[in-house]
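Chain nomenclature is as follows: A, B, C and D, assigned in order of appearance, with residue numbering initiated at 1 for each chain independently.
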Amino acid sequence: MAKPLNVGMIGYGFMGKAHTNAYCQVNHFFDLAYRPVLKAVCARSADKAKPFADQWGYESVETDWRKLIQRKDIDLIDICTPNNTHAEIAIAAAQAGKMILCEKPLAMSGPEGLKMVEAVEKAGVANMVWYNYRRVPAVTLAKQIIDQGTLGHIFHYRAKFLQDWTISSQVPVGGQALWRLDSSVAGSGVTGDLLAHCIDTALWLNGPIDTVSGMTETFIKERPGALSGQPEQVRIDDASAFLARFANGSLATFEATRYARGHKALYTFEINGENGSIAWDLHDLHRLQFFEYSGDGRLRGWRSIHVTEKEHPYMENWWVPGLQIGYEHTFIHQIADFLRGLAENTQPEPTFKDALKTEKVIDAVLISAKTGSWMRCE
Amino acid sequence: MAKPLNVGMIGYGFMGKAHTNAYCQVNHFFDLAYRPVLKAVCARSADKAKPFADQWGYESVETDWRKLIQRKDIDLIDICTPNNTHAEIAIAAAQAGKMILCEKPLAMSGPEGLKMVEAVEKAGVANMVWYNYRRVPAVTLAKQIIDQGTLGHIFHYRAKFLQDWTISSQVPVGGQALWRLDSSVAGSGVTGDLLAHCIDTALWLNGPIDTVSGMTETFIKERPGALSGQPEQVRIDDASAFLARFANGSLATFEATRYARGHKALYTFEINGENGSIAWDLHDLHRLQFFEYSGDGRLRGWRSIHVTEKEHPYMENWWVPGLQIGYEHTFIHQIADFLRGLAENTQPEPTFKDALKTEKVIDAVLISAKTGSWMRCE
Amino acid sequence: MAKPLNVGMIGYGFMGKAHTNAYCQVNHFFDLAYRPVLKAVCARSADKAKPFADQWGYESVETDWRKLIQRKDIDLIDICTPNNTHAEIAIAAAQAGKMILCEKPLAMSGPEGLKMVEAVEKAGVANMVWYNYRRVPAVTLAKQIIDQGTLGHIFHYRAKFLQDWTISSQVPVGGQALWRLDSSVAGSGVTGDLLAHCIDTALWLNGPIDTVSGMTETFIKERPGALSGQPEQVRIDDASAFLARFANGSLATFEATRYARGHKALYTFEINGENGSIAWDLHDLHRLQFFEYSGDGRLRGWRSIHVTEKEHPYMENWWVPGLQIGYEHTFIHQIADFLRGLAENTQPEPTFKDALKTEKVIDAVLISAKTGSWMRCE
Amino acid sequence: MAKPLNVGMIGYGFMGKAHTNAYCQVNHFFDLAYRPVLKAVCARSADKAKPFADQWGYESVETDWRKLIQRKDIDLIDICTPNNTHAEIAIAAAQAGKMILCEKPLAMSGPEGLKMVEAVEKAGVANMVWYNYRRVPAVTLAKQIIDQGTLGHIFHYRAKFLQDWTISSQVPVGGQALWRLDSSVAGSGVTGDLLAHCIDTALWLNGPIDTVSGMTETFIKERPGALSGQPEQVRIDDASAFLARFANGSLATFEATRYARGHKALYTFEINGENGSIAWDLHDLHRLQFFEYSGDGRLRGWRSIHVTEKEHPYMENWWVPGLQIGYEHTFIHQIADFLRGLAENTQPEPTFKDALKTEKVIDAVLISAKTGSWMRCE
């Protein structure tokens, strides 16, 4: 019988739901030595935490995260609060000796992230950041292909994350639901929100980025304040793009925006090597596009791999070939790997330290966009 | 707080898992007056039922379905056993006054199905058959579009269900895992297994089928017996196709096979009307293809609708636009509708009576394939 | 310098244009021993033939095809007139010792086609039927793959040809432009027009068809007469579908219609074998879909071959990789093959004899659709 | 009867063939007041020009372009020679009063291009540059949609041109066939060759570019010299990418490379506006992807427009709906527009002056890539 691992969740929003679902589902589909127990959920307002706890089966509710962290019956703190709170909570949780799972991005900046890394390393606690797209089976398969050397020398990497939900100038800024448009809470706009995903995957698949040249824009400069009811200046970046050079010599383009009409969450990446190429797209996340330069020249083509076979990463735990899974499963895979890591005493990626690298690229992009100069990522 | 609805599950295989997952998940995502409680799972072998019960949280285990049916603390019987057991269990469960959810196909034949319909109607118990593909959001959206009259007069319907898992002659016949190849257990091959889905959706979207001309084939006539260890004759249909005329005057082609290399579960349908057309594909189940004959002629085209918006059926209960769901969600939607029906005192489709119509088409196809004549579906 | 081959064209409509373009273009792109010379075009009305001759460079105009056939300076007769004239012209041309290229379908029926075959064989003249889709490079590549045995034993074939241009009940019947809706001129509707293409390709790729079960429908039973101005009964089939069994044991479905809203010329075929599958689509004719069951199971997928490489059939004669060709090129390839055949004293397919097989399948489908019985194709 | 327009072609390579084909075909499909007459082709080697002239029907051959330019019987000079010869020939031809069609890119640099513009304007001769992709019907349709204002305010533009033909280090540099790798002949690498197309289309569709930040790379720094037989340093850019800001406030990313394995000529662009988006792809050039933010939210989706209808630009001159055209047709459309311009006394775009704007962007990108600074495009 799997050993209990007591979870204290901070936050109950979109990500609170996604992570909680993962805790509920993971032992139904994966055979693991540990099982998460929904011990407590924490939010400033008990009125909001209570229905969430009831719906998902949390045993208790807290309204002060400091109190949660001190509870003896909590093994793991999951941080699902807005970005500007990650560091303080994580550092305190580390000092309290808790394992920590932190929603991405790790921090408001590289220096802040560094303090978090130092805290978890000093405390020696297990830690991980929820860059969930690494655990899309198609993306994990891409990693396997690359690690086998199938692509040969890499020439190009390109990634985009396109959304369209802030095109209307009536979308307000700030408040609980829309903190992503408030720079004091979110840190940055699409750079830290969307490009962070693109950068995390890129560093994982293609290694370190040396230098970047960035460009950002705020298309709608004033929006209604959700709390103030008054027009407020928008300080986040609505769109962000950058050129990059990887340490392995490959060139890259990255772009994210919330103004690409017709795209809801179109995270795509493509990597071109000497002997092959790979492309992927979040809107059809269960497929991987793969080109291999080999064999009969007449028969070469991009193949669309329907990633639902037993041989595919994570898929033998689900249904039968041909039956696709979706977005929420990436979180289940991540917690499954985390729990397996606990049992095997390994530390699954991305750790805080891994996620810090992404923060450094973000910082370089934002500075470059201001100065107009190329920046080194460190 | 939602009222408990005590579930007694019979069977623990692939479908037992899919349905149980639905019971676990439905109240996490849907706001309902009832909540399923996993009261008992039943299987002939306690050794197999017990680990399943532990993994999913069933409170108890039974090894005799007759005993399960008599338990006072069971409200609903879910039948996930092979086809040749549906009728006996369902009729007994109806007589015991239980609600019944039955895995598809309803029965081994139309006449057998008719007895089941009579039993549930006489007992006045809620009943439903798990034709889950009706609840793929894209398929439900297709139904909405058709019901609005957007397509106008219908000319054509075509459906296929293509798999490739029995191409090897070494796939054995019979036994627990492979009862689908055993005609005494499954009734028929792909006709009752795969075409049943195609027919159910077709009847729902396009109304009754009048006449059919069928063709079936068993490509591999002898296979190793899973239990006997000896070569056994294969009696099921490996492939089945039929022409049809609907009552609304439209023409149709239907086809299913387990010998279409490269397709795992490629259930597709297309419907062509005077003013528009719709197409769908299980391998990308989160998309609906739609053509509308209207507006500027230069701008007409098949549009690929990414069915992840709040306005789309069932989708406001899940994540945010752009983030897709998968196969398992169709079962969650179906049980959500069933529970809503309980609260509202309505009977969600497909009932046993609805599913009986599919049986009659199956019977007509199989007879036509034997006689070489067109058959009426009744 | 290539030797002249004097062409006498009968007809100046859509196909007259497509063939004439092929004669004009073939020596620009293919290195051949013969070059077509546009000697004469023939039409009942000189007023219509003259502008066509001027536009394309025909040296002379005839208004009586019998006279054209007797001209000493004509080597080859190209028949682009409506179906009900093919036999008479072809038989006379054969008797006059001319080579004959005949637009498809060969004849109004199998027996009529047989007379044509007998005439060309008796006369010993080169002959070919313009089933141009065999010469789409992607289709020729499919043939190469099949002939190599890559697919292994074949289980399934399916083909469709979907159009939508007669959905309006105001499309008139008969007259010069719309003879395709006039059964006395066209012989049949979509069966002889569209399914003829599907059948020709199928026989070429997958061998003889043994038996068929057909279904036809005329959705709009009365239309304005183009010449009479009065409502006229429509006698052609608007839609036609059939089940088939090939001699190699594979099963097939075929369908054609002019009532599939959203499809203009969607000719598709797919073939499934033990070890691989192929699919093709006229709307993207420069691509071939190919699935191969081999190698690393994680990497299998349908590949989309962009058929523009030097190694691909006919493509080294065109541009550079990545640059696609279109519909008209299929005719250029066919005449190139014909001219090469002349030089090499071989007889490129499909000959009249090959095309006769298609007529026999058409006849069987039409009879089956009337009688409701399966028919043998001979 | 159309009036003759006497063409003098300089060059007989790939582009000589594409342009000559256009001259041959244009009057077969377009009704025009002028018809090109293939008067003379010019190349340094008569041995090479002669077979080309024979194959295509040029009346005469010249080996000195200066002599060709002086011929009284030549109305129009078509420059299909390598980039480093464009200016000299064009300026001399202008002085001789000839109309000039020049292959892209216009010049080796902005300043060189400016001299050419001044020469044609001073001489008052008709002039045009062969940026043929403007005349892909799908691209022209994109222009129509944008010009109607359908997209609303524009936020984003992105374009790529990906090839893979120089990945092997054995591809030689220089000589007649491979002058594109020789910087003294080509000027630049992919920037002037491939990005030039992307920039031309972008300026046409989205207006002027203000500033750019570029990055270039030469992956293979030494290659066998085609003429010398010795290793030679490669001076062109193998890959080039840049960020841009348009005058209309939109942001852009551009990229071109010859090292993107699996892509042969994947020129793609996408434009995102407030109310809609458009995307296009040269590998399926007969399709346009279009998203419109209007109507029933459930039915929105990217539509794939099969650009083969009579209402589509240029398409009523070709076949029937559903039948696609290819690469070569873009040149035919361009010369058709040019000849129509002659008759109507208008000057179809892109003129030398239009093409000069592209040169200025190219110059800015190349300088920015060297200096690491953002550059203004003028």
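We adopt the following convention: a residue touches a chain if its C-beta (ideal position, glycine included) is under 8 Å from a C-beta of that chain, and two chains touch if they have at least 3 such contacts.
It should be emphasised that the depicted structure is a prediction, and the values quoted were computed from it without experimental measurement.
Enquirer: Among the chains, which has its CA centre at the largest distance from chain B's?
Expert: D
Enquirer: Given the two chain pairs A-D and A-C, which is bridged by the higher number of C-beta pairs in contact?
Expert: When the contacts at A-D and A-C are counted, A-D has more.
Enquirer: Once you find the CA centre of chain A and the CA centre of chain D, what distance in Å lies between them?
Expert: Taking the mean C-alpha position of each chain, the two centres sit 42 Å apart.
Enquirer: For chain A and chain C, let me know how many angstrom lie between their CA-based centres, rounded off.
Expert: 55
Enquirer: Hey, what residues on chain D touch two or more of the other chains?
Expert: Expected reply: 263, 300, 302, 306, 309.
Enquirer: Under the stated contact criterion, what part of chain D meets chain B in this complex?
Expert: Touch list, chain D to chain B: 141, 144-145, 288, 290, 292, 297-306, 309, 311-312.
Enquirer: In the complex, go through chain D and note every residue touching chain C.
Expert: 1, 14, 18, 21, 24-25, 27-28, 54-56, 163, 165, 263-266, 282-287, 306, 308-309, 318-329
Enquirer: Where on chain A is chain D touching in the complex?
Expert: 151, 155-156, 158, 160, 162, 164, 167, 213, 215, 217, 219, 239, 241-243, 245, 249, 251, 253, 255, 257, 259-263, 272-277, 291, 293, 300, 302, 372-374
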